[in-house]
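Listed after this line are the structures, all set down as structure tokens.
Next come two complexes, and both contain subunit A; in the first it sits with subunit B, in the second with subunit C.
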Partner chain A sequence: MGSERWVGWLLVAPALLVLAFLTLFPIVYNVYLSFHETRITYRRIVYVWRGTENFAKMIRDPLFAAALRNTLYFMAVATASEVLLGLGLALLFKEGFRGREKVAPIILLPMMLPTIVVTAFWKTLLHPEFGAINNILEALGLPPVNWLGDPRVAMNSIVLVDLWQWTPFVFVFLYAGAQTVPRDLEAAALVDGASRLQLYRHIVIPLLRPYILVATLLRLIDTFRLFDKVYALTGGGPGVATESLTLSVYRYAFNYHMLGYAAALSLVMLGILSLVILAYLAYTRGGGVL
Partner chain B sequence: MMETNTKVILIVSIVVVLIIAGAAYLLYKPAPSQAVKIVVAARKGTYSEGLKLAAKEYEAKTGIKVEVVEFDYAGLHEKLAQEVVQATGAYDVVMMDDPWLPEFASSGLLVPLDSLLAQRGGVDPDFIGSAVNVCRYKGKLYAIPYVGNVQLFVYNKQLFAKYGLPEPKTWDDVLHAAEVIHDKEGIAGYVFRAAKGNPIVTNLLPIFWGSGVEVVDNEGNVDLDTPRAVQVFNFILELKRYAPEGTENFNSPEVKAALANKATAMSIVWPGWVPNLDTKVWKVIVPPGSKPMIGAWLLGIPKSSRHQKEALDFILFVTSREMQKKLALEAGVPPTRKSVYQDPDVVAKYPWYPVQLSALENSKMRPRLPQWKRIEDTLANYWHQAFTGQMSPEAALKGAAQEVRAILKGG
Partner chain C sequence: MRAGRVLVYVLVALALAWTLFPIYWVAVTSFKPNSEVITKPPTWIPLHPTLEHYYRLFAEEHFHVYIANTAVVSLGSTLLALLLGAPASYAVARSKIGAAAGRGFLAWNLVVRMFPPIVMAIPIFTVFRQLGLIDTRLGLIIAYQVYALPYTIWLLNGFFRDIPWELEAAAMVDGASTLQTFARVALPLAVPGIVTTVILSTIQTWNEFLYALIFIYSQEKMTITVQIAGYIQEFKIEWGLLASSGLVSSLPVLALSAAVQKYFTRGLALGRGVKG
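Moving on to the complex of A and B:
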């Protein structure tokens, strides 16, 4: 029996080694880095012990404060809007309407495009003078909006682009979930005199809860990593209005060679994301409304 | 219960696989390449097109193949920064914006060229002095100037004539003309290339310089939080009133479009944009108010290159008089040699070249500090906030000055 276990370990050893190398090593190295300052010269990194200085620096760093605020805002607003819109679309498609099969692929299209294409497309649409959106506003007699240049609007414009790209994902996911709701359960409720609203409120949505939970979690994680849209659309501007945590980590690590500080930032990011997810899971398990 | 035989076979197989893999790893040697190939890391655009053209000629002449790998501005800096630590030897020649040179020279990435060039007659005096100066750090030469970039200024001469406006000599002249044209023509008087990052800093710095505010000098003195600097920023905000909507997000393509559409009357420009402008409308001059900012692109050799001799040979070929003339005429690459600026064929095609030569000869460098990239981003963060009304100029300049001082102290 003992020797069999030994063979078992031997067999999984390569997989464990790969896993340790790909997951454990970067995390441990990241923790090590976060307590050091790195001095980079040719072919050489010198690590100087700095204790908790990198973390203390974060508190004084106005760029970090702005990036944290913006990232949490984006995460909350984009996820909530995408899940609500996606759910609405999934229920609409579940109800069925004429031409449904033709509309579905068009709705799914944005999700299939690379983000760099999406941002290039939206940058043109949102151009303050030649953009199609302002042209439409003008035709309707409404004042033009400086979508990416006005600090009060810029982050919402990025939310809008994310909404366009990722609502289809939530929709497909929840629509697949909606197919699992037993037809006889719905029929029974209707026979018992339930209205369509009651049917959705008391039967369909409660049965969709696990799907909504997973979709929300996936979107929370993805929106927290906000990088490419900001990088391509605003570069973090105007001012620091769309600066995100991942963009800050990138700048400190790859532009300024401050690997220690960037590592400390990414550890804090990991902590925040874990807290948000744990809080969300505890809330939903405790019977909270989704 | 596993059969003993099966166990033995399994263990032996694993051991054999590991031995074979280990031996293969130890014995593997990459096949020696048939011929030397030079790989160039370059900024994508006109300058990389020029390099590709030169590469073809070089290959025909020497039989040595040259591959040009293209990156955008930020991507190129990132690749070079990674090469400092990783020393992969992936590139034999690297193209750099001149403010990056102190960073990559001080980090030890670049091969000092003085002694190598001494064997080949030293730096040709035909190169414009200011373009060679940006290739030096602490007295040593680390690169050869490839693109003679310098800020120029254009104005719509038809509109200036229509309203009897004089050619702008100072930034106050620019403001006055911008106001008149904006009010009478209903178009933008002046356009800023003010996207966050390198664009806003390179666009606003000359206005500070024009008023005697250095911002940061080569010794690391910061004079950003002075009443004079605040005054300059208020002037910039006044000028912004006559700029097009969205100017705070404009980068080169947007500014070029504004000029092409005649949607503005004036702008700072870089030489590469000028060939596309209608010379009946636009007049090219040395920027008003201060010495023009040099923004040369340089070619250097990373220490990790395995073909340093051939790399230097290629760099000297690209920057030779004949090739610079060809690249100027066929690809629009601004030269770095006086003789090419004075060449009749080149001047016939680019009539503003005498102005460009004068701008280059009198140009001013951005601070020669290894931390410049971080300082530039810090300035951009604060200036952009003041430019878009999220912060007062006083608060922005004070915040920027404090952070820049901390960076220079090693923070």
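Moving on to the complex of A and C:
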């Protein structure tokens, strides 16, 4: 059995080494960077010790404050609306209607598209003057909305785009979960005189709870990364209205070359997200079968 | 009950309209001449349909170059992930490194998938700078292992587990070594799972934007997502280019997704958390 183990580790070793370089090393290096200021010269980086200055700087940094606020807002609003709408859709499909099997793949289309393509689509749709959405509002006699240019609206427009793209994911996830609700349980409840509303409230939704929770955590993890949409649609603007954490780390590292500060920010990001990751691992018992 | 039925159909119709309208509108826009894009009221069907935007996309914008770059990078990173990940996920699926180590390895892969990708970008970038891997397709392929490798390991681990163990046991009894059993028995049996994994992983890297933006500078090496982001950001909005480039770059992924639709939940749920 000893040589068996040895062969096993041999099979795992290449993947393990690459993963260590791509994940463990970055964390360690980010910690090192976060206590330094860097000067980048040709092919060389000079590190100057700065103690905890990078972390102290965050408290006074309005861009970071805005990015944190916006990202948390986006996570909360986008995840909540996607889960609610996705659950509604899943229950609608569970109710059953003619042509259901043909409609389901169509509903999934948005999440199959590349995010940047979804962004390109909505850039044209949300155009203040010639965009289709404002055309529709106009036809209905409603005032046009400056979707991406109004700082009070812009973040919600980003939510709207995310909603269009990812509600289908929550839907398909919960719909798969809804198939596991035993038919006889529903039948029994109906025979006992439960209304449809009671059936959903007391039987279907409680049974779906684990799926709803996992879908919520997966959406939180994904919305936390927000980058493509704000980078391309608004550039974080107007002002700092749609600045996100990933976008600001990107800016500090790759536009302003402040590697130490960017590393400190990315550690804070990791700290915030580890709360969600820990919840996921605890709930799924190490990511295993639900 | 009757009213309930009607409500169900009304809601389904609304969901379909909400899903399809943006796609329909962009598709129609891609066939409208520029002058017609900004007419009021807008036309539902192009009055003067034209292919000029598609012609311009390839003849002037050389979009096929970006498609080729994206294909090379996404297939390259998928294959590299397969090469590294298949032996590892087999060893874990068959508990070759012990159950506890295997579970730990899988959990680490899952956690890595959840990390915000920007966190890994700065250290990888600094190392690549020293190694001269910035602005190379090889560099991007290696960086993409952040996404592709854990994903491949998770999916393949599930597929290897689904293979009946008896066949491998029989081979072992006949004197085959672990390596031979893996290469000659398990790997051929896992082909459907491998194909699914390759497709799902290729879709992900095809769609990736952040690392493509960070690791590639030269125009001639750019991937489609970075190119489209450029169109989106242009001050004077290029309706036709946005619409046609978006549709053209979606077609390959839509075709691939259709091929693996029944595995889609499994793939998107980061592994085997919930069976799709």
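In this section, the second predicted complex is superposed on the first by the 255 of 290 C-alpha atoms of A that agree within 3 Å, B and C clash if a C-alpha of one lies under 4 Å from a C-alpha of the other, contacts with A are read in each partner's own complex, and residues count from 1 in each chain.
The criterion applied here is as follows: a residue touches a chain if its C-beta (ideal position, glycine included) is under 8 Å from a C-beta of that chain, and two chains touch if they have at least 3 such contacts.
As the structure is a computational prediction, the values presented were derived from the model and not from experiment.
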**OP:** Could you look at A:246 and tell me whether it touches subunit B, subunit C, both or neither (first, second, both, neither)?
**Re:** second
Original post:
After superposition on the shared chain, which partner residues are touched by A:43: those of subunit B (first), subunit C (second), both, or neither?
Top reply: both
Original post:
Touching A:135, do we find subunit B (first), subunit C (second), both, or neither?
Top reply: second
**OP:** Report for A:63: first if it touches subunit B alone, second if subunit C alone, otherwise both or neither.
**Re:** first
**OP:** Applying the touch criterion given at the start, work out whether A:4 contacts subunit B, subunit C, both or neither, answering first, second, both or neither.
**Re:** both
Original post:
Once the shared chain is lined up, is A:146 touching subunit B (first), subunit C (second), both, or neither of them?
Top reply: first
**OP:** Please determine whether it is subunit B or subunit C that touches the greater number of subunit A residues.
**Re:** C
Original post:
Which of the two partners, first being subunit B and second being subunit C, lies in contact with A:119: first, second, both, or neither?
Top reply: second
**OP:** Please write out, lowest number first, the residues of subunit A touched by both subunit B and subunit C across the two complexes.
**Re:** 4, 7, 11, 43, 45, 127, 129-130, 235, 254
Subject >> Touching residues (chain side subunit A, partner subunit B) in the complex >> reply: 3-4, 7, 10-11, 40-45, 57, 62-63, 127-130, 144, 146, 148-151, 234-241, 251, 254-257
**OP:** Name, in rising order, each residue of subunit A that touches subunit C in their complex.
**Re:** 4-5, 7-9, 11-12, 14-16, 18-19, 22-23, 25-27, 29-30, 33, 43, 45, 88-89, 92, 95, 97, 103, 105-117, 119-125, 127, 129-130, 132, 135, 139, 164, 168-169, 172-173, 176-177, 196, 211, 214, 218, 221, 224-225, 227-228, 231-233, 235, 245-246, 249-250, 253-254, 259, 262-263, 266-267, 269-270, 273, 276-277, 280-281, 284, 286-290
**OP:** Enumerate the contact residues on subunit B facing subunit A in the complex.
**Re:** 1-2, 7, 10-11, 14, 74, 77-78, 81-82, 84-85, 87, 107-109, 195-197, 244-249, 257, 263, 303, 371, 373-374, 377, 381, 384-391, 399, 411
Original post:
In their shared complex, at which residues does subunit C touch subunit A?
Top reply: 4-5, 8-9, 11-12, 15-16, 18-23, 25-26, 29, 37-38, 40-42, 83-85, 87-88, 90-92, 96-98, 103, 105-112, 114-127, 129-130, 143, 145-146, 149-150, 153, 177-179, 182, 203, 206-207, 209-210, 213-214, 224-225, 228-229, 231-233, 237, 239, 242-243, 245-246, 249-250, 253-254, 257-258, 261, 264-265, 268-276
